[in-house]
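Please go over the structures that come below.
Below, subunit A partners subunit B and then partners subunit C, in two separate complexes.
Then we have the complex of A and B:
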């Protein structure tokens, strides 16, 4: 009897926490709505305009198909180079940041902090920074994606390293293998397929990022999109959007398919 | 001739746990020794102290007449290559091929520039394959390690140790993850290798029936202390009860089905 009473009280405590949580979220939502002066009337007022603009995008301006495809190819190239650079640079940092390879704690903490710092910046901030440094064009886009992706790839990959089975490392140590051999024969085979998986996943994200980075002048199809938006050429916007959607979808599925096959 | 001599061997882990206390131990060259004791009695620590995966806190270990407590890094790697080890959880690289796992046992024999490039000389690959042949799974050389059954994986572990051409073989609970028939098969492999090659073998076990069936000599550990050292034939049930510090139950016997079907 006594135990059932305590567990009932625990249950009540837990559901109280949930109610407090709901209330806090609701309060935050209402506070934000009032602060922004948003109400249902204003939301519904915009809908007809949305409809008109979407209608203007159809049919897409087929005369711009070729230039959109050329822009998209540049976007793919930006994503490929940016992801490759990030993959190469993130790998040493992810081993450095992992806490289970016997490196001094100060080293892995430093590694983790570097990765955290990089992830704080949104890619658009990197984009604007590199457009300012290198001038507008694909190189700025490549640099922005390359540096920005190191943060996420490094973090995911270091977590993969931390999750490996220590058994094979011990077994290799017991054979008298040296440190590079232990690394190559016991650590690398455990992490490599998953590293490729995270890199492909980042490539999918980078393809979308690269489409948008053109908005700040960092090359690719985004440049066409930005100009069409500025001059309200909705049929051209429609054409570029169509190309982006089709290409991103195809590459997304292919990359996800390869990832499944590898892991 | 003695191959392993421990004198006053003690291990205290950083947390303060005394895993081994003042152990004096002699093992003759070519012996097949079973180390028994409850889990936590210090069996794994004893084996890992012999190949210095665990550092002794006190006492000395002599192997082949040489004290191995203070080997420098290079000497330690050289020494470890003469001691093969087999693990409860096999400790294979699951995603690598069986052959590559066994070649790990040849790393010390092959120059590092070759091993890092994966360029093993023909004779080392042949050696690895012949080790697989000795444990009856040569045809699995190209399979991924995790495609094999538990018993086959443990044989890969044995082949990896054999590929080192060791003087001593340490097996830490080699059958604890296997079912009873496979356990017997693996114990028979170990025994056969001991008889054919004369490799001194130490096997940690907690099943007393396996210990009696396969052991020539038995070492009993209880709470880090050596409580028995002698021929297996002289170990009675009463002696086991003394080593275990309690009465023998069905769980202590493989055939009684204590941990069967795990």
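Then we have the complex of A and C:
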């Protein structure tokens, strides 16, 4: 009798929490919508304007197919090299940030905080700074993705390291293996396939990022896109978007396919 | 015995095949790397050689212009509003899309593949690109940013949640169907109770993505604190830019923390 009473109270408390949650979300939503300065005029002008823009994108300017493809190739290359730089740097950091390898807690906490800090910024912010110091071009994009992706890859990879099976480590320890041996034969084989999986996943995200890095001058198809947007050449915008959609979709599927094979 | 001997031969053949496959994969990866490195003009000398100018740039940003922080309050609030409104509208739009993209709820094959295709198509485009186009259509400001986040978060949320939805326990769905319940009853009594906590958790995750994205939407004129970042950088006011970045950092960290607390409460 008593237990059913407490569970009922728990239930009421829980549904109470949901109601408070709904109310807070609703209040935030109303406040936010007020801030958007939406009025009837903007909507009544905006919808036909968007319709006109979309209509102008079709048919895409096929004369720009070649230059769009060249830009997209550069975008893929930026994503490949940027992701790889991040993958290389994220490996030591992720072992440092993992809590189960016997490193001092201060080291893993510091590692986690650094990764979180890097993850805070969108890659476009990094893009701006690398364009300002390295000059416009794909190398700035590579650096932006390379540094920015360390945050997420390090975080995901350190979680993978934390989830490994301690059995092999203990077995090697029992046979008198030293630290590097334990690392090489018990840790690395367990984490490597999943590391490759997270790297491929980040590559998928970086490909999308690389397609807009050109908006701040960091190379790739975004440069063509930026110019077309500035001069309102919607048929060119349509062409570049078509290339982005097709290529990103194909590479997404290939990457997901490889990930499934590996893990 | 004869059985194991019969198994040995193909296994040795498979081993050789596996090695060849591995070798081919390594060669392919090497080719991709060389091709990419040449394409982007990758050179360690340039990367290391230009590092001082990168650090000089960072050095120009120190100390941040603390006085500028007061003028950032309103843009920051606008950034919040953009992300909140974009997330909520995107989430509402995602609900029908989630149901259409789950093969155990939507058993109409052509409709299922069409919805999935639409969702994947919407997801290939970065929110910045949506924003850049929308600014041309609906004008400069946060409204364009909100719509951009709405489209993107609809697609991302639909992908994540529909994949979880396809993995739910089909028992309750079949039970309702067996009792003669219709689609709506099935969604209300069998699907919603199972998927709502996951859906809420993914919505918070999408909100985190949107907060980050909303801080740079201003670079294409779609409102928020990114406008301040853009003008500070264009006028070479690096201490102001540093203040913008610092403020963004603090806010994103706080929101992430809050979102994590809420998510642990949910799941």
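One rule holds for everything that comes next: the second predicted complex is superposed on the first by the 255 of 263 C-alpha atoms of A that agree within 3 Å, B and C clash if a C-alpha of one lies under 4 Å from a C-alpha of the other, contacts with A are read in each partner's own complex, and residues count from 1 in each chain.
We adopt the following convention: a contact is a pair of C-beta atoms (placed from the backbone, for glycine too) under 8 Å apart; a residue touches a chain by one contact, two chains touch by 3 or more.
What you are looking at is a predicted structure, and each value in this text was computed from that prediction instead of being measured.
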- May I ask you to decide whether A:80 touches subunit B, subunit C, both, or neither, giving the answer as first, second, both or neither? second
- Item | More subunit A residues in contact - subunit B or subunit C | C
- Message: Once chain A of both complexes is superposed, is A:184 in touch with subunit B (first), subunit C (second), both, or neither?
- Response: first
- Message: One more residue to check, A:109. First (subunit B), second (subunit C), both or neither?
- Response: neither
- Message: Output check: A:62 vs subunit B and subunit C. Expected answer is one of first, second, both, neither. What do you get?
- Response: neither
- State whether A:33 touches subunit B only (first), subunit C only (second), both chains, or neither. second
- Task: Identify the partner contact of A:254: answer first if only subunit B is touched, second if only subunit C is, both if each is, neither if none is.
- Result: neither
- Query: Taking the superposition as given, does A:124 touch the first partner, subunit B, the second, subunit C, both, or neither?
  - Reply: second
- Where does A:193 make contact in the superposed view: on subunit B (first), on subunit C (second), on both, or on neither? first
- Listed in rising order, the residues of subunit C that touch subunit A in the complex are 32-33, 35-37, 39-43, 46-47, 50, 53-54, 56-58, 77-78, 80-82, 84-85, 88, 120-121, 124-126, 128-129, 132-134, 136-139, 141-143, 146, 212-213, 215-216, 219-220, 229, 233, 245, 248-249, 252-253, 256, 265
- Which residues of subunit B touch subunit A in their complex? 51, 53, 76-81, 83-85, 87, 89-96, 100, 104-105, 107-108, 112, 115-116, 157, 160, 164
- Name, in rising order, each residue of subunit A that touches subunit B in their complex. 165, 167-168, 170-178, 180-181, 184-186, 189-190, 193
- Touch list for subunit A against partner subunit C, complex: 17, 25, 28-29, 31-38, 42, 45-46, 49-50, 53, 73-74, 76-78, 80-81, 84, 116-117, 120-122, 124-125, 128-130, 132-134, 137-139, 141-143, 208-209, 211-212, 215-216, 219, 225-226, 229, 232, 237, 241, 244-245, 248-249, 252
